[in-house]
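Read through the structures below before going on.
Next come two complexes built around subunit A: one with subunit B, the other with subunit C.
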Partner chain A sequence: MSVRSSLLLLAGALTLQGCSGRQSILDTAGSDAAVLLTMFWVMLGGLVVVWLLVNGMMLFFHKLSPRKYDESHAQKLIIGGGIVFPTVVIAALLAWGLSIMPDQRAPGDGLRIEVVGEQWWWRVNYWPKGADAPIVSANEIRLPTGQRTEFTLSSAEVIHSFWIPALGGKMDMFPGRETMMSLHATEPGSYRGQCAEFCGASHALMAFEVVALAPDDFDAWLAREAAPAVAPTGDTAQRGAVVFQEQGCGACHTVRGTAAVGQVGPDLTHVGARASIGAGILAPTIENFSAWIYHTDDIKPEVDMPAYDTLPDDDLMALATYLQGLK
Partner chain B sequence: MKRVIQTLAAMAAVGIITGAAIVFGGLYNVSARAGHFPGVTWLLHTAYVNSVQFRAPAMADVPDLDADGMVALGARHFDGGCRVCHAAPGQDRWAVPTAMVPKPPHIQTAVAGWNVNELYWIVDEGVKMSGMPHWPADRTDDVWPVVAFLAQVPDMTQAEYDALTARPRISDDAPDDLAYCAMCHGVTGFSTNPQIPRLDIQPRRYLEQALQSYVNQTRDSGIMHVAASRVSPAALMELAEWYSRQPVVPSAMSSPADAELMAYGARLASAGTRDVPACTSCHGPKAGPQSADFPRLAGQSRIYLEQQLTLWRDGERGGGPRAELMQKAAHQLTEDKIKALSAWFSAQPAMNPEPNSSEDG
Partner chain C sequence: MTDDPFARFSGTNRPEPNGTYPPTEAMLAEPVDPDAQAASTARMRKAWQEPKGFTHFTAVNNDLVGKWYALTAMFFMLCAGVLALLMRVQLAVPDNTFLDADRYNQFFTMHGSAMMFLFAVPMFEAISIFLLPAFLGARDMPFPRLSAYGFWCFVIGGIFVLGSVLFDVAPRGGWFMYPPLTTQDMGIGADIWLLGLSFIEVASIAAAVELIVGVLKCRPPGMRVNLMPLYAWYVLVVGGMILFAFPPLIAGDFLFEMERSFDWPFFDPTRGGDPMLWQHLFWIFGHPEVYIVFLPSIAIAAMVIPTVAQRPIVGYSWIVLSAVGVGFLSFGLWVHHMFTTGLPNISIGFFSAASEAVVIPTGIQIFVFAATLMVGKVKKSLPMLWIAGALAIFVLGGLTGVMLAIAPFNWAVHDTYFIVAHLHYTLFGGMVFPLMAGVYYFYPFFRKGKMMSETLGRWAFWLIFVGFNAAFLPMHYTGLIGMPRRVYTYGEGVDWGWLNMLSTAASFVIAAGFAVFVWDLLRPKRDFTGDQRNPWNAGTLEWSHNVPEEQWGVRSIPYITTRYPLWDQPKLVERMHSGRYYLSDTKFGHRETLVTSVLDARPLHIQRVTGPAWITLMAAGFTGGAFIFPTFHWYPPAIICAAFAIVCVLYWLWTVTAQIPEEPTSDVGLGLTLPRYASGPDAPGWWAVWITMLGDATAFASLIFGFFFYWTASSAFPPQGASHADGLATGAAAVLLVLSWAATRFARDINRKGYVRSAQALLATGICLTALGGSAVYLAVADLQPTTHVYPAMICVLAVWLCAHLLLGAIGQGYCLARSLAGRMTPLYDADVNNVSLLWHFIGLQALVTCTVIGLLPGWMT
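Entry: the complex of A and B
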């Protein structure tokens, strides 16, 4: 096999690999995404049929049976196949497309999640039915399966777009304006969402984890998320809690149950229990917490959080241990 | 035509040779004793006067020069930086500058005939080929106290000047340079002038870093660049140590402002907003441990806080190794927030900086 064909094969394999997994419209886990996927397959199938038809006719009339045809027959074919057929097909597709739009605009069944796009992370507030105050979280979205969850979307500074390919279509987020969508997750599992509108230097690094849970599991998780932070255990984590206070981390971050009440950055009350840190870009290990605090701007260019690169190593490790322990 | 060109070429050659002889052959006499050729002094002085009048800022840009403490701060900077050439009101000039060309005018002559906006321009920009230096910083808002002082010079007696610039008596165990610093900051660091920050509330490491940042000019201030450069690096550290261990005067520097502003300031300082970090997390007053890298703000001068927050907000304030934190924290501050925060912090009782600060953090 030549180098060129091996490369083509490899490229093809890699492209196909992108079709399955946690961030794919082909691997659906919600009814909205399933409808979109059906539509995609129908359109793709129809396209193939039309393509074969057009090319087949071209082949037939030019090569297989090249003779002079009766003008009235030819005219019927051109009007029927070139005007009537596409008009009917496109109108049908439009009607179908419009008919599925209201689903993703339908009000939720109870839970509402308020998401605000920040530079470059996600403020996530859970509003269970009838709540007066939200349960504040960030950079991860959990939702119950088997019901429609409503999303209220907005942005702090620039336009972002909220997209969970496995669950449904995308929706833009604007500063100073609220948009709304709802998603109906069907399969428990974890997926990946991504900002889908270029929003600055770290746009590509603005992702989030999505976890769909069975309703009982979700309720149990939400109760844990609503609880104040656990007290640090062990000398290192306890020292880390002191470093957190000493360095004034609480000026920007909230850890509920402590003196830290800042609102500029993500709420860290249960940051160690999330599937990622830095908005969907690093696994929540102690090493990654410490790398994030020390090299913030290298990991996420132009981020608002200043790098704490003057912290002594042992303080840095203590702080990372404390944060990782905030389950 | 040919003759004209030949004549011009010959004249140019003579000019170049004469110029080269003057510059490279040492024919020009740079002697200050010899002075200028007749008429040159008039020419330069006239150009100077017109240049200043043409370039001075508008009178509308002049801040309130009667603000509390402005004249005293300006007088003290003048005493350290300018008196050496221009002499103090009511005093004779020292002999050395009187032998300069041009001769620096006595301060009472120097200020005569200028408006305050023109004096500002002269102090800020300096005058080249005259020995008059420009303001030794990029930041220029701290030129105004000097202008406030200069505006008072025509009516100032020697006794008044001496009272403004008197150096306090210091005890034998105090660092040698303390008297100089204490002229503005007080012997214990408690400043009674609202234009001048108090130091008694600050931890030692913050004071050391602040002084170092003035020396290496990462923090901009014409007044403090001059002050810090007059003291040896070792002595600066002794001074930081001295001020950090002085007993804190518990009183605030300012009285509380109206209740609404104070409540807004309190809320902002302790909880912040989505754009503004909660100030007290780093700067106190708070119950938990606090890094000695961060200055304490409770009881600090209101005017000083407003001025510094504005500099931070506008990106004109640098500082020690942690300056980036405050640059990012302050860039979204509005005028209202700066006023409210300054009013609230300045009215808080001052606290001892060391008990809950950790030197290893």
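Entry: the complex of A and C
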């Protein structure tokens, strides 16, 4: 079976399998998310009680109680149930809820990550404390545990929303304006974030992997991420690097340390080391790299990157091997 | 004494109500002569006869238009429901390819837009047009042709917007249409949304105006505001909300379409625009909209529950105050849709608290229902089953709303399936279920002598209730484990598959329930035995109508002294049917109803009600053309259609409104003589102008808000070195337009005093001044380049808005002049110039504000 026909088969059965991380508000790994979860459980308890009371009351008067009550009881019911009870409960809830707001938007402890939403991927720039220039990455967020990381958010064209459920709330990203949020990861691990504001055809396919690392691991990783791309090893990968140049991939993509310095698409310097490709939708296997390059638009509708479906099988496989090797 | 009855009156000596009021019990007890009754019955039947055959669709009577309106809205609801089912199929399993991304996005956009704009709001208007006159013992709505016009606009607009799905060109930016996604969209979908729905919104406002006037001016004698059926109070509140909520959206649509069609950069951040302005304008509309949808259904419950409990509502004042309170509060909540946009904590805190505050009036309404059931003896019935289901669902939706209004929690679940679950709980519980209760309850009113099936009704209830909860309760959890809204697919790794499969399966159970309901609604039925007129033994006036049905609504308009007249005023129905009360005859064969005073419902005059006409259909068709052609950038046909629409409306006004009556006053029965004509604040038309212009002024205020929004949100407004509107021309425009305003006002006064020629001269001068003023406005902005930056664009858009109003003002002045020259407007019969003069108060103020904002403020700002 040729690569081409196997890719065509794949197109029908392609599953979005890059989703390895946790993406749940109920399974928290950050201090902000933990506070929100506590708040959720308390409010859920109150909700169940109030719901049972109100509906129990309706059921009682409607079905169970044969007698007519006096009208003075009715007035008490309206004032007690409609005014006094909700006023007390809501005042308490507001006092608690509004008091935690500033913590959730507190400034960071050092590292700042600048994220720019694109249709449909993420530009990610790391600004360690005191840095003059960012360390450029894409489609994946790594952050150290035990400290508050600040996020500066904006967008290139349309509104997106930045959201990592396991770590905290979300914040919209606007073109022409910066918004800010911060997250405090407590537990090392892999999580998943996703765009939460409808942003066009492939809104559903705009996600990212999040990796929380112990501070030392994080620093080591950041140093690796700052380094230029590794040189391709092996014939296939070297052939792939040539295909990359010949096909003009470098007009849109950057691979630091090579002639490719395009700024239109995601930075690919260490694309093979990421947990997913295509903005959180595919595992970084050679098959997936070639499937993506071969028919981008089938995998991610209306994406800007053209489908390279005229590329010979050998070149396609070489290119995929090269990219997958960019650790 | 002269024979001419008109000679006794003049512009300054007007006919007044004359005779005995209120009627005494002795007068009411006196029997009606059977021969006279038979003769007047025949005359009434002839006057209220509906057109047959092909011309049936020219009918304007409220029960026909209301019926068509409701059925059309239901049809659109079913279509939007089918879109939902198709979306559910797509989401049933991970990585599904049943719908592609683009089609899914079109479907979810249209599902939301259609449910809101083509079902929820129009359904309220349909039901109100259908039932309000019956609740109030009135013959018809005050402006039946306006209802018909609104209905046909709705049909044309609805088919246009919803039909776009069939051609794969439907809007696909979400029902909230956030720019820049939607301003950058190359297709015509966004234009279909903006223009098609603006067109429907205009029709909605028309209906709201009519409903408000109906409640204020067309109540039966004696029905003071504190005796009104609760539904009428809710109509008043909801009508008022529509009036203040829709215009900001229309203003937003206007800015949006100017950007899409002519590249004026209102929402483009690269040229000083700001997408946040749209979010504010949209949600200033969008949040009240939720209550606009919810309150009428509570109103239905407020009519059903006293009947079920067989006693008056407990806490009438509480529920009225709560409804008014919800109406007010709903305008202070919009920012809770924008908690994640990075607004300052202080504003988020304020709107968080305001959003929670709405729990109190909402809670009071629910507890009033509980209290009424508590003190009454409940009769089990199908409508009550639906109300109980509604409460079970709505209370849960309301409680998740309490959670969502806490801003930090909102940051966690905003734009997830938790919200999808929440909003469907509030809308199914707060709208669909009470509406269904209303359908079962009012069906024997809707089709006299027929009743919907108890068995099928229970089947429909349990299918929808169980299906709904099975579909939407799990969605809370789906959202909590991370599924965002508006995604057309999801992968296997996230484990949302089984939950979505459950929701999809259950959504078909809901659909099955609706299928049972629709079959029950439409199937042929036999007459039921028992009291066909008032099968539930209800206490309000709608159950007094004749069986078999007559077109006149009420045979004679009763005198009301209680909240539940059918319970508390013995012999009322018998006397109404015998023609004992007011206006039981039509002397000149016209359709007529009574107009009463706003607070205490004293009879004021006889209002002639319009009959069947083609002109309303033609006016709706041309108005449709004026909105639909610009979608395809075909401006010449659009302008031609707009011109024809104006001509149609003028013809319609000219031929049937403010007509000089056959005699100045007529006997209406029970010893009372009333004028046959009113102008100024006594006339429903004057109120309609006032209320419409209040809505118009709200849209204008929204544009001014935009101007100040840019100024406060951006340091570059106006930008460095920007050119401004020409100061001299702006000043000249202000002076000319104030003079035109004064000319109109004085024309009204001197016409009333009998100086008809001078009034005509003043009106002619007014037209010239308006034209000159409009030219000065044009000169003031002619040099600006609105595509370069939002500042010149904002100035130009205010100028365009003003010029459109000047055109309207000049048409009004010309209309009065023509009416006066044709002898259709006299010192005594001067409603036209009264209304136009009122219109000019609004136009004059808008002109002054516009000239100040574009001419004076920029100098001060920089």
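The rule is short, and it goes like this: the second predicted complex is superposed on the first by the 278 of 327 C-alpha atoms of A that agree within 3 Å, B and C clash if a C-alpha of one lies under 4 Å from a C-alpha of the other, contacts with A are read in each partner's own complex, and residues count from 1 in each chain.
Quick note on the criterion: a contact is a pair of C-beta atoms (placed from the backbone, for glycine too) under 8 Å apart; a residue touches a chain by one contact, two chains touch by 3 or more.
From a predicted model like this one, the values you see are computed outputs, not experimental measurements.
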First, second, both or neither for A:Leu98, with subunit B first and subunit C second: second
First, second, both or neither for A:Gln263, with subunit B first and subunit C second: first
Which of subunit B and subunit C A:Pro175 touches, first, second, both or neither: second
First, second, both or neither for A:Glu302, with subunit B first and subunit C second: second
Which of subunit B and subunit C A:Ile78 touches, first, second, both or neither: second
First (subunit B), second (subunit C), both or neither touched by A:Ala133: neither
Which of subunit B and subunit C A:Gln23 touches, first, second, both or neither: second
For the subunit A and subunit B complex, residues of the former touching the latter: 156, 242-243, 245-252, 259-264, 304-307, 310, 312, 315
Residue numbers on subunit C that touch subunit A, as the complex places them: 94-95, 97, 100-102, 105, 172-174, 178, 180-181, 184, 269-270, 274-276, 314-315, 318, 322, 340-342, 345, 348-349, 352-353, 356-357, 359-360, 363-368, 370-378, 380, 384, 388, 391-392, 395-396, 399-400, 402-403, 406-416, 480-482, 484-494
For the subunit A and subunit C complex, residues of the former touching the latter: 12, 14-20, 23-27, 33, 35-36, 39-40, 43-44, 46-47, 50-51, 54-55, 57-59, 61-63, 65-66, 68-71, 73-75, 77-78, 81-83, 85-87, 90, 93-94, 97-98, 100-102, 104-105, 157-159, 161, 163, 165, 168-172, 174-177, 179-180, 192, 194-205, 281, 301-302
Of subunit B, residues touching subunit A in the complex: 270-279, 281-283, 286-291, 293-294, 321-322, 324-325, 328-329, 358, 360-361
